[in-house]
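Data block below; observations after.
Labels A, B, C and D are assigned to the chains in the order they are written; within every chain, residues are numbered from 1.
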Amino acid sequence: MVLTGSDVAKHNDEKSCWVIIHGKAYDVTEFLPEHPGGEEIILKYAGKDATEEFDPIHPRDTLDKYLDKSLHLGPVDMSTVAQEAKREDPEEVERQKRIAEMPLLSECFNLHDFEAIARRTMKKGAWGYYSSAADDEITLRENHSAYHRIWFRPQILVDVANINLSTTMLGTKVDAPFYVTATALGKLGHPEGEVLLTRAARSHNVIQMIPTLASCSFDELVDARQGDQVQWLQLYVNKDRDITKRIVQNAERRGCKGLFITVDAPQLGRREKDMRLKFTDSGSNVQKGTKTDNTQGAARAISSFIDPSLSWADIPWFQSITKMPIILKGVQRVEDVLRAVEAGVQGVVLSNHGGRQLDFARSGIEILAETMPVLRQHGLDKKIDVFVDGGVRRGTDIIKAMCLGAKGVGIGRPFLYAMSTYGQAGVERVMQLLKDEMEMNMRLIGCAKIEDLHPGLLDTRGLFVHSNSTPVDSLSHITYDPLVVPSQRLKAKL
Amino acid sequence: MVLTGSDVAKHNDEKSCWVIIHGKAYDVTEFLPEHPGGEEIILKYAGKDATEEFDPIHPRDTLDKYLDKSLHLGPVDMSTVAQEAKREDPEEVERQKRIAEMPLLSECFNLHDFEAIARRTMKKGAWGYYSSAADDEITLRENHSAYHRIWFRPQILVDVANINLSTTMLGTKVDAPFYVTATALGKLGHPEGEVLLTRAARSHNVIQMIPTLASCSFDELVDARQGDQVQWLQLYVNKDRDITKRIVQNAERRGCKGLFITVDAPQLGRREKDMRLKFTDSGSNVQKGTKTDNTQGAARAISSFIDPSLSWADIPWFQSITKMPIILKGVQRVEDVLRAVEAGVQGVVLSNHGGRQLDFARSGIEILAETMPVLRQHGLDKKIDVFVDGGVRRGTDIIKAMCLGAKGVGIGRPFLYAMSTYGQAGVERVMQLLKDEMEMNMRLIGCAKIEDLHPGLLDTRGLFVHSNSTPVDSLSHITYDPLVVPSQRLKAKL
Amino acid sequence: MVLTGSDVAKHNDEKSCWVIIHGKAYDVTEFLPEHPGGEEIILKYAGKDATEEFDPIHPRDTLDKYLDKSLHLGPVDMSTVAQEAKREDPEEVERQKRIAEMPLLSECFNLHDFEAIARRTMKKGAWGYYSSAADDEITLRENHSAYHRIWFRPQILVDVANINLSTTMLGTKVDAPFYVTATALGKLGHPEGEVLLTRAARSHNVIQMIPTLASCSFDELVDARQGDQVQWLQLYVNKDRDITKRIVQNAERRGCKGLFITVDAPQLGRREKDMRLKFTDSGSNVQKGTKTDNTQGAARAISSFIDPSLSWADIPWFQSITKMPIILKGVQRVEDVLRAVEAGVQGVVLSNHGGRQLDFARSGIEILAETMPVLRQHGLDKKIDVFVDGGVRRGTDIIKAMCLGAKGVGIGRPFLYAMSTYGQAGVERVMQLLKDEMEMNMRLIGCAKIEDLHPGLLDTRGLFVHSNSTPVDSLSHITYDPLVVPSQRLKAKL
Amino acid sequence: MVLTGSDVAKHNDEKSCWVIIHGKAYDVTEFLPEHPGGEEIILKYAGKDATEEFDPIHPRDTLDKYLDKSLHLGPVDMSTVAQEAKREDPEEVERQKRIAEMPLLSECFNLHDFEAIARRTMKKGAWGYYSSAADDEITLRENHSAYHRIWFRPQILVDVANINLSTTMLGTKVDAPFYVTATALGKLGHPEGEVLLTRAARSHNVIQMIPTLASCSFDELVDARQGDQVQWLQLYVNKDRDITKRIVQNAERRGCKGLFITVDAPQLGRREKDMRLKFTDSGSNVQKGTKTDNTQGAARAISSFIDPSLSWADIPWFQSITKMPIILKGVQRVEDVLRAVEAGVQGVVLSNHGGRQLDFARSGIEILAETMPVLRQHGLDKKIDVFVDGGVRRGTDIIKAMCLGAKGVGIGRPFLYAMSTYGQAGVERVMQLLKDEMEMNMRLIGCAKIEDLHPGLLDTRGLFVHSNSTPVDSLSHITYDPLVVPSQRLKAKL
């Protein structure tokens, strides 16, 4: 029996709440109080078609997994569902105009260009979710800025006719020393979501890390894999360890080659840029007090399952349930790298979660520069693989990380921005640009292959200096009369 | 006998000067030359109702305390007092419009938001008094900026399911490691004044320090206390030690649990932003020379009683008149902390008076980082409680201070701005935001309770570096042609 | 016989060139090639009244001293001299309007205020001459900026009821530890010139240093002295040592109490801001090539007599011709301070000539911080008096210099700006502001008198760091989307 | 037989492609695939006159050297060649207007002034080629900025009446310690090209380095030499060593006195500013993918012949083919300077190719400060001549390099900007300005001749510090209410 729009429309409040997703009706009444994003966001769509809102936040298989079959009410005759006349949104009209006038892909010369275009053309909420970070976003920017405190000491007169960028990560040979790190909610940027990253990673033979919070389901992402393509799994550990175990073992079965356990996010960050945008939504103008967290942005909404009690004591259990190499993602001090070696894990990612968690966390590259000399001194640098992510925008950034001793460099947002603007082609161009920049810059520092890179090629003396200027003396600044260049000479009028 | 408006209006010059305050007349002729704010400010209201001007500057009980009863002339029939037709002030109209369009309280996500809204909506004079600071306001800004030179070294894989922010200050258990520090003239911001802070402190179980220069009287603030709520007393030492003694012993009697003696203000600061505003007042356009100090802002006017001869030699006397723990507020170098230990006081507040006194005084947090290692080295860190204030705007700032070894962190202006914009609810939201930020960030640095915080979680190497950039080379800057991102592609017109 | 305007007007070219100055005619034909400012500037006024141009650049007695009496042609009947109809200059009209609307003197709260008003109201050429400095004016600004890298470590609980700012410089008791240093061409700023500084110095009992290049004559400045007022002489050493000797011995005879020999200016600086202004003059639009220096600003024009061969070997000669204490003005490295001690002079001024000579010369205050520890280490700190000038704008600046060990602090431009805007009253207010700031800030660092100041009250660790930021990454900056505070909430229209 | 325009016009595609250059026709069909700049750029002119595009990129003798005589088709009757009606380009009209209103040459007081005028008046493509640099142009700006981290410690009381700027470079006596370094494509800036530099160098008796990629041919540049004028040769080493040998031996024969082998450019840089401009060209709007490099700016197009396999092993071969002193241009670390000594070359140029190659390469001046103490320590400072280039804009910059121990300082872009705006006269004025600035500043640091300069005259402590500020806290910045100077006082209207 096919339901009609009016059948569904009757169930439009918390007493009985039905919603339509992809042409099927679901009774979510009992689920309301459990919804990680708060019940209000569902009630807004009670009795209506919620597909558009649902899609970017939830993988396809969410309802199958989490809603009892008995509450799957079956197909709806969509021709009978009242189309909500969307008010013409002048902001959206402007945005569509900006999209129509987007630069050519070939005009994007570097990763910043994609970000700039994403800022112009993405929906505000999606841009807010991707670009936002913790507190004052100091760490967000420090991640990139830290690379600017590392300078090169290039060597000359080395034969660099043939440059080889390939390297090996956790046993996988890749064409370049970067990988696609895990980022959430890909469909906010592009309707196809993270499968585009899978395909682009294949084109360039680099590894993709599958995110727990992907918009695409885990299966979709694994199914998109081709040939001997390699994927890793990023894991937020669920309070229910059975779920965690199921996820891990399924991933291993489906061929994932590395388990990256996120350790920098016992609670997901509060990101004010993201939160600020909620208040421009219609329907959210009413003050709600502090009762629920649903005004705290997308990150909070989707992460309530994460276990904040995860600790070193849990590591042996992980080692017992999988043979995949285990890598701790989000290590932030050399002491914990040493402890990771003791714990017998295969690797660490020095990362602060793209600046989205703890503001004033140091950049991955700085932690790398702190870590590697200690590991070498203890003879442990071969015992553990050290990855790094955060703030990478240039081929030179990757080269700097490799000089310091990283095994690989994770890149996240730049791929999202490229995907959100030019789809898969955009992501591939970003990868190509990085390879091109790396190839040229390897030549220019005098190294023909990744193994030739070494710390002596860098000057990192400034890296550890976190200074800021004495506050400006406004009165002097107002008063000073700056020098000027000569002005044009106006010709006498006849 | 009830006086009439015209009775009072006859006494309108320095020969006989009556004023009406809260419906009662007073003869202040003899008091004119003694008035700390100068006689002119009173003469402006001679023969008139001065309540509106009087209220924010003077506690309710001022006239009872300082004016002989014989000069209390009794009630005035206010219906007979001529209402001064207030000229419509276009600035005030604009301000009222801004108030009407204020953001929702729930849109304030951090302490800066309150300050921004206060700047938009407070009366200029009140904003000037609260926000101003010494000389070029370098220290004012350095206080916050110094926190930005401290970075985190978070530890991972610690069970942070349950976060406990409570701690103990001078024997009082509190729910969070911050307190409401003393700030003057609360009624400039809100007609109810500092009692709102008392009530908010109660709601969040944190301590309030009662200011000597509050707009509310000491008794009002103590009376507003509820249950086992704890208050401290901030003391400016009066030249007349009998007055000081009376104040201290009264405070102890009324239940204050700590005596914070201000030692960084033998003279109150000259704050140019505050002074500048006086010149926009009508009636002040005439040049007065240097004869009086009445153009030097509110701070000077209210502080002439402070004793600049206060010295270490006075400490034993304080110890003899009270059993309250004695804390020196405004200590600014480790040498004086050591001397405070010797003097046998219970604590110090490392503070520069919110940047309002000596410009280029260092921030409290820097002095803390200088002090604690020396105390530990001498085995004195348990001998004295070290508090800090100034520049705190984020939960991370508080965490940084606690990592370094502070017992508690004082916060002043942010509460005033919240009070001035949203009243008690604003103050409570500020407290809640700080608690929320702290809870999350404790999780993210891997500490479940305050005692777990330690200096190893910080990188303070940059903290002591006070640099400023070489002045900018204007000609290079004008001449350099910066890179740009790709521009939009204008579609050909048909 | 009184000349007429037409008598003079006939002598209007290089063959016969007469000019009128203060109502008298002079034949300057033979002097043309020797004129330090170039002959063209004189020829512009050949046959005309040149008083207005002549006055600020030349002391009254110039013609008497340097032009043979036979060429003094006697009085001119000024009623017969054609008044040049001055074109209404719209810039000058605007300037007069700005002067009419100048703020009240009592609204000037600090030294920057005077500079800001001077910039608005001075003639462009005069502003250019006073405010300009060498090359990119880096040192000009560094002079002030360096003080911002010195922070206070105030001591508390010191009896500061009575503050005493008096000190002794070269045997003279003064009321404050600053003096009026030598600056050229005072009449550019005010028609009365440097005598105003003499009078203001008297009012505040501080010392004035008489400049070689004053607009007022030496005699005028000495004559303006009152009572036991003390003056020093600043000396540019003339290539002709007889002239130098005459000047020095005359100064001693007239009561000067110190001889400050300028040693940082073997050639006067090239100041582009000053030079740039020449090109806006009418009459200078024609390109002249590099033939003369007359386009190089006022400084070059007036200084061709200075001897660039002056050397250490000349010091004994100076010691032989005068009993005044000799002070070397413009010493810039500790090695030369030590050499000055050896040479037996009484003092040095650590100075870079207000940033007007060598760009990237270090600030006086930095050289002081370099010098004093070395002198103390060698036991020489009592052997020589060390003065400092450049960049002082606040009472705290003076205190910092005195803490480091200076005997006195020279101030130049701020007095000129005050004089140019408010005349003698302005200069006196500047002096009063400095005293007021010093008095309060002495209290706040816990010192009752100048001798109590010591280096331990300062943190100078940042002083020697000359850093500049890595150039900004424009693309990141363009692309970053900064956080904003909540916006106003527009009320729905009815 | 003279060809007509229509004869040529028939050969307008890749099957048969003729072009007219300087009135002669050439068949370039077979050459198309080999053209370093890509075949498309030629096809745009197939059948047409290509002189205007050809000239700045190719020396006159290019076709004679590289195109078989059989393909030289002989003269064309230019009166029969169709004139392409150039569309009026509004940008070009504006540019011509700016040229017409250019400041006088005598208004250019420093090297920045020329750059500013060049930016206003040069064709965009030419400006882009000259001014652009690698990646984010950080090194480009650091080159100048690094000089700003070096401060002077001038010595006083030295006889500086006579300043001598002359010095000796590779055995040649020159009038000033700078030389004209090699820069490509001079005709982009001025139709006469680099011969103007040759002539200006002669006027000022400084050395010119002849660039491999000059717009003028090598012979033209050598022919422009006068008297005993000295030139050096800059060499990009060709993959075909026979060509390289021919070039080197020809240069020696024609009298070049030094061979500067470029070692920092195994591949020429990718410069985004230059690339960006291509997209504003008409005809380039079509997206081409990554197939060719022709969108990557001029540098790539002209440099495909350079041998990236050049290595230390090649040095003996160079030594075997020439007696000219060999200097390695583009050395960037002290280790390679030491290796150069071992290799027996006569000199090195510490250079990063004007910031055009590897972004985050350090400045030459910093490498110099790293290098010279090591050379002195090893007793090698007389064994090798060390030159430096990059970022020099002031006489003080040159003096700083000479103090550190450089033998000479190369200057490139400033001469190009002067040439592009004022031709030879501009270049000569730049040279004169540098000499004037040097002469004065030698006086001011107390050195009469170049040999007197020494490292003790500098403070280089800040030079090695590569810091950047902690990212700005936008919310604080928005919220802070800066101090202001007093506003004008509006007079009451009557």
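Please note the rule applied: a contact is a pair of C-beta atoms (placed from the backbone, for glycine too) under 8 Å apart; a residue touches a chain by one contact, two chains touch by 3 or more.
Remember, predicted model here, so these are calculated numbers, not experimental data.
K.L.:
Between 0 and 180 degrees and rounded to the nearest 5, what angle rotates chain B's CA atoms onto those of chain C?
P.N.:
90
K.L.:
Have a look at where chain A meets chain B and say same if over half of the interface residue numbers show up on both copies, different if under half do.
P.N.:
different
K.L.:
Which chain's mean C-alpha position is the greatest distance from chain C's?
P.N.:
A
K.L.:
Taking the mean of the CA coordinates per chain, how far is chain A from chain D in Å?
P.N.:
Roughly 42 Å, centre to centre.
K.L.:
Express in whole angstrom the distance between the two chain centres, defined as the mean CA positions of chain B and chain D.
P.N.:
Chain centroid spacing, chain B to chain D, equals 59 Å.
K.L.:
If you look at chain A, which of its residues touch at least two other chains?
P.N.:
Residues 104, 107, 109-110, 112-113, 116, 136-138, 141, 148-149, 272, 276, 279, 465-470, 473-475, 478-479, 483-486 of chain A each touch two or more of the other chains.
K.L.:
Quick check on the complex: what are the chain D residues that touch chain A?
P.N.:
98, 100-104, 107-109, 112-113, 116-117, 120, 135-136, 138, 263-267, 269-270, 272, 275-276, 279, 285, 287-290, 295, 307-312, 314-315, 328, 330-333, 335-336, 357-362, 464-471, 473-475, 482-485
K.L.:
Could you list, by residue number, the parts of chain D that touch chain B in their complex?
P.N.:
For this pair, the touching residues of chain D are 110, 112-113, 115-116, 119, 127, 131, 136-137, 141, 144, 148-149, 272-273, 276, 279, 393, 467, 470, 473, 475-476, 478-481, 483-484, 486.
K.L.:
Inside the complex, what are the residues of chain B that reach chain A?
P.N.:
Of all residues in chain B, those touching chain A are 104-107, 109-110, 136-138, 140-142, 145, 148-161, 394, 396, 429, 432, 436-437, 440-441, 443-445, 456, 459, 461-462, 465-469, 474-475, 478-479, 485-491.
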